[in-house]
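Quick one: the structure is below, questions incoming.
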Amino acid sequence: MTDDGLRLIAAALAVGIGAVGPGVGIGVIFSGALQAMGRNPEAEGTLRTYMFLGFALVEALFIFALVIALLIAFRIV
Amino acid sequence: MTDDGLRLIAAALAVGIGAVGPGVGIGVIFSGALQAMGRNPEAEGTLRTYMFLGFALVEALFIFALVIALLIAFRIV
Amino acid sequence: MTDDGLRLIAAALAVGIGAVGPGVGIGVIFSGALQAMGRNPEAEGTLRTYMFLGFALVEALFIFALVIALLIAFRIV
Amino acid sequence: MTDDGLRLIAAALAVGIGAVGPGVGIGVIFSGALQAMGRNPEAEGTLRTYMFLGFALVEALFIFALVIALLIAFRIV
Amino acid sequence: MTDDGLRLIAAALAVGIGAVGPGVGIGVIFSGALQAMGRNPEAEGTLRTYMFLGFALVEALFIFALVIALLIAFRIV
């Protein structure tokens, strides 16, 4: 059991746990957008704008975790 | 206890924990789409488009975790 | 198995677990904003202000966790 | 594997797990405020007061966890 | 790896995990109060009373975890 084994565990934990929050969060954003579109279809353009904005901001959290995971997996850190 | 044992644990953690968030998130998206369609059946076409879009974006989070898990399991990383 | 291995685990845990709460929280904020805009499109300006305010305050929590993770990963702490 | 490695793990866990609850909680508070403002825009002043009050009280939980994490990371405890 | 290292882990886990539940719970309380105030602004006084009562009762859970964490961190237990 050397550091290389722990390196694999660390990369797996970073990308695995890092997907939990954004996975739920992006789902909640799309769910809210779908319900708002069902109630008020005329507002589709405005809703779409904020829906993609929210998606991008939450996805960024996952990207940070993914970058850390790749840094660990490919022995850069 | 060698690194090969830790490798198995790492692959299991990446794919297991990585499925938690997207599993909940995709469920929330379909739930919101179903409720919106039940309230406003005429909007089914628009809602279906955004429903599949949201599904694909959340599924992508799981795909990243799965790729990391496969890289670990098949000794590429 | 030395401290360097634990260092990688620590960085992965900080950025991974630190993304869970803000990931969900930012998603909930945008979902609430989208639903409020769908119900009352005239209030878009006010809602947008508080939406970004809430985003920034929740994002700050993740930034703290990210800073700790980078301090650990690059051997400053 | 010495105590210094465990010290890094402890700091990461304190700031990481400590951000989960407040991250979700602050998001829920802002979501509720946004929905209430969308339904009743005249009550914005009152809602804003209680929104910031709730934010401060939940943020305090994270601050405690951050202080413990910094005490651990910089070898004060 | 001595007991002093495990002591740090224990303090971090107590304050970190102890903040998860109250962080979410206090957020849900304030969210419910804000939505009720938006729907019925005349009931602000009554709602405020129960809102603070609920906050205090949930905060007490975190205080217990914080006290245990400090007892562990400063070597009293």
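Before moving on, here are some points about what is shown:
We just call them A, B, C, D and E in the order they show up, numbering each chain from 1.
One rule holds in what follows: a contact is a pair of C-beta atoms (placed from the backbone, for glycine too) under 8 Å apart; a residue touches a chain by one contact, two chains touch by 3 or more.
Labels paired with UniProt names: A, B, C, D, E = ATP synthase subunit c.
From a predicted model like this one, the values you see are computed outputs, not experimental measurements.
When chain centres are taken as C-alpha averages, the shortest distance to the whole-protein C-alpha average belongs to C.
The chain with its C-alpha centre at the largest distance from the centre of chain D is B.
Mean C-alpha positions place chain D and chain E at a centre distance of 10 Å. If you average the Cα atoms of chain B and of chain E, the two centres end up 31 Å apart.
Taking the mean of the C-alpha atoms as each chain's centre, chain B and chain C sit 19 Å apart. Across the assembly, chain C contributes 1-2, 5-6, 9, 11, 13, 15-17, 20-29, 31-33, 35, 37, 39, 51, 62, 69 as residues in contact with two or more other chains. On chain C, the positions that touch chain A within their shared complex are 1-2, 4-6, 8-9, 11-13, 15-17, 19-35, 37-39, 41, 44, 48, 51, 55, 59, 62, 66, 69, 73-74.
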